[in-house]
Amino acid sequence: MALDKFQIAKRIAKELKDGYYVNLGIGIPTLVANYIPEGMNVVLQSENGLLGMGPFPKEGMQDPDLINAGKQTITTLPGSVFFDSAMSFGMIRSGKVNLTVLGAMEVSEKGDIANWKIPGKMVKGMGGAMDLVASAKNIIVAMMHTNPKGESKLLTQCALPLTGVSCVKKIVSDLAVLDVTEKGFKLLERAPGVTVDEIISKTQGNLIVEGEIPEMIL
Amino acid sequence: MNKIFKNAKEATADIKEGVTIMFGGFGLCGIPENCIASLVEMKVSNLTCISNNAGVDDFGIGLMLHQKQVKKMISSYVGENAEFERQLLSGELEVELIPQGTLATRCMAAGYGLPAIYTPAGVGTEVANGKEIRSFNGKDYLLEMAFDADFALVKAWKGDTLGNLIFKGTARNFNPLMAMAGKITIAEVEELLPAGELDPNEIHTPGIYVNRIFKGENYEKRIENLTLSK
Amino acid sequence: MNKIFKNAKEATADIKEGVTIMFGGFGLCGIPENCIASLVEMKVSNLTCISNNAGVDDFGIGLMLHQKQVKKMISSYVGENAEFERQLLSGELEVELIPQGTLATRCMAAGYGLPAIYTPAGVGTEVANGKEIRSFNGKDYLLEMAFDADFALVKAWKGDTLGNLIFKGTARNFNPLMAMAGKITIAEVEELLPAGELDPNEIHTPGIYVNRIFKGENYEKRIENLTLSK
Amino acid sequence: MALDKFQIAKRIAKELKDGYYVNLGIGIPTLVANYIPEGMNVVLQSENGLLGMGPFPKEGMQDPDLINAGKQTITTLPGSVFFDSAMSFGMIRSGKVNLTVLGAMEVSEKGDIANWKIPGKMVKGMGGAMDLVASAKNIIVAMMHTNPKGESKLLTQCALPLTGVSCVKKIVSDLAVLDVTEKGFKLLERAPGVTVDEIISKTQGNLIVEGEIPEMIL
């Protein structure tokens, strides 16, 4: 069965390592914070100027001067730091953020990503997404494998305007975990109960299937 | 060298039609509420506004949009504003969208006397259209120019009579960067203290970058997206 | 993710011959005394050192010069050091002199992921030799590259177990810039505190830029030029 | 009679204006701080990271973590700020420092300045001088009109390696005050008792003398 958004987040959390500084995008990526393994030191960076993002505040404890990049009220943790937006993107561009997780509308087999604009629809802006994808060494995309019409979002080439080129390293979709390699999407794991055939049929870009593909362990 | 103004009205009195203004803040966090209120009251129009966001329908820069005071908006994300969308689609409003880090760094460049920067953000996308691309150590970068703004309006937590500023929490965001980048920088602060009351090690924006300072009033500090844990 | 080291010896143990090292400090103010003492004891040689100054004959980087550990010195001002002069004139030591603001900004560029900067410093002088000159708004600028250093050794006043740093007075100088620019950054601090003891608004260098931290000992903090008023 | 270094500093202090941020170089320029008119707000910038430089400390009050660009122990004043060297040169390059005063070995009639290197002698380095002269809108040079051999230091063209080009706006020497104009050195004032003829004879570069040249008022 396809994963729900919480399971996608949970699977992505398995990619975390002790000592990682991580930037989580809006949507499913934000949920990854809930699955950081106990005892593992992971510091969350919020690109509006905070390192060490804590949980949402309890009722009455919210501070309008303390929000995350999704404009949600949040809290700090012991060792948190505030800084301005230039330093924030400075640490992103200089590769100090170890992992970036973000959503996507389309990803190409070359690792191009489109997630900011749909021609003909109101454009909200790219926010920090273009900086993040152009800078991060390690980008995981959290996404649905297909759009609501059932069309693949893993493509030979993105149809939508790009956010960045050749940058996505790994995809965790509701159906599969895939690496983006020089030759295309390499299937690593299947969602529990999802067949390789289903993944093949729902992947429009070049898909590499080698050997037995294990089920994800969540 | 008196930098102290009585209020927003006095501090912004010479902001004229057609100028370029930077606004500190991210979302509604750390925005110069008093200065915006004054501009709304002045009805000064035809403005080019540089701000990460464009406020919401009934707060922040949204209030200026409602009065059609904005000719052009330069932002990274403008998604919370129906009037904005209407004006954009009808062609009344020009919009230039810029990656957030590029926006921040172009402000810093202006304040640091760097005429331009190279950033990888936007390479291979429509943001790169018409821009110079240059490769350093095998990676491509876009040349992006430092901003040139007539005024910068910023909001700080504490300030002193010499214009030194300290920001609080994530209300810092673009404020210290824009404070450095305005030809004339106007700071509104929650607390205005005599020189010497701020620890010189803790000041975020040195007063040399601030031309005018005043104590703001009636801060609403609206929360855009209240999210609580159980 | 333990960043805490016992002392300079442990923190610098993997600094090998031939690497490039940045040293924080201006004159003898804010220099990483413990790290330098460790390098002197290790006798590691053939080093390229990036530091605004080169110490004095019997303190700071001067101690390393005496042992001929330095192959190349990249500085803005090196005038207080007789052994330095001897090695330079004899050809034992390479020296690259860089305008101070260029030195600072090239460090910042590295920490901010900017591959290069344009600065007006040195246009029309021998510093411009072989460098690209480009005009922006009618003024000429030199293209200067971001630094690429294997290690950055910095000295802070207070630090915490996550590597967050606060500097004191003018001992800040190049320290936060170099802290951002090292591939591996080692910070020595006068006071090492548990995470949470520093106010998040007051931190100068976020811990993300610091790989190792230790509590320094026996700071001499030598004054180079004691000047008193009557 | 030619001015001594204190008188040169005193004359330069007359160029200060209320609200100025000023960077004073090492040597005679440092002395200008002693002649800031009472009641005038002038903030001194030290390029090693301080705005609001105070006087030298009293004996026993020196702080090794508090020095100026000449490495002298100093003090702060109410409203002082510390910052890093990048921001320091940021405010210099962006023109926020209203006046820069520095010494020179040679100045040319085009406003070129040489003050950092003598070929064949030990080179100490340019420190922040190249950044300052390339950035400041308003540069006053404090210098002796001639070298110890009696040769003019105000030249058609500098012989020494340059620190910066076309940047000096005004010179206060021991003999005269001069503007650097498009046509050369324009004589504005004479030191008390110094004749125009003496200034002419000791100025190698093009000197413009128009009308009566008043004596300096110190």
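The chains carry the letters A, B, C and D, assigned in the order they are written, with residues numbered from 1 in each.
Basically, contacts are C-beta pairs under 8 Å (C-beta built on N, C-alpha and C of every residue); 3 or more make two chains touch, one makes a residue touch a chain.
Only a predicted model underlies this, so the values are computations on that prediction, with no experimental measurement involved.
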item	value
B-D or C-D, whichever has more C-beta pairs in contact	C-D
Chain A and chain C, separation of their C-alpha mean positions in angstrom	36
Gap in Å, rounded to a whole number, between the CA centres of chain B and chain A	29
In chain B, residues with contacts to at least two other chains	105, 112-114, 119-120, 167-169, 172, 200-201
Per-residue multi-chain contacts in chain D, two or more chains	82-83, 86, 89-90, 92-93, 135
Pairs of chains found to touch, sorted by chain label	A-B, A-C, B-C, B-D, C-D
Parts of chain B lying in touch with chain D, wherever the complex brings them together	1, 110-114, 160-162, 164, 180, 194-196, 198, 200-201, 203, 206-209
Complex contacts: residues of chain D adjacent to chain C	46-50, 55-59, 62-68, 70-74, 82-86, 88-90, 92-93, 112, 122-131, 134-135, 161-166
Residue ranges of chain C touching chain D (in the complex, touch as defined)	26-30, 52, 75-79, 85, 88-89, 95, 97, 99-105, 107-108, 119-127, 157, 167-177, 204, 221-229
Residues of chain A that touch chain C when the two form their complex	18-19, 21, 41, 43, 45, 51-52, 76-83, 86-87, 89-97, 135
Chain C partner contacts - residues on chain B that touch it in the complex	105, 112-120, 136-137, 139, 141, 145, 166-169, 172, 200-202
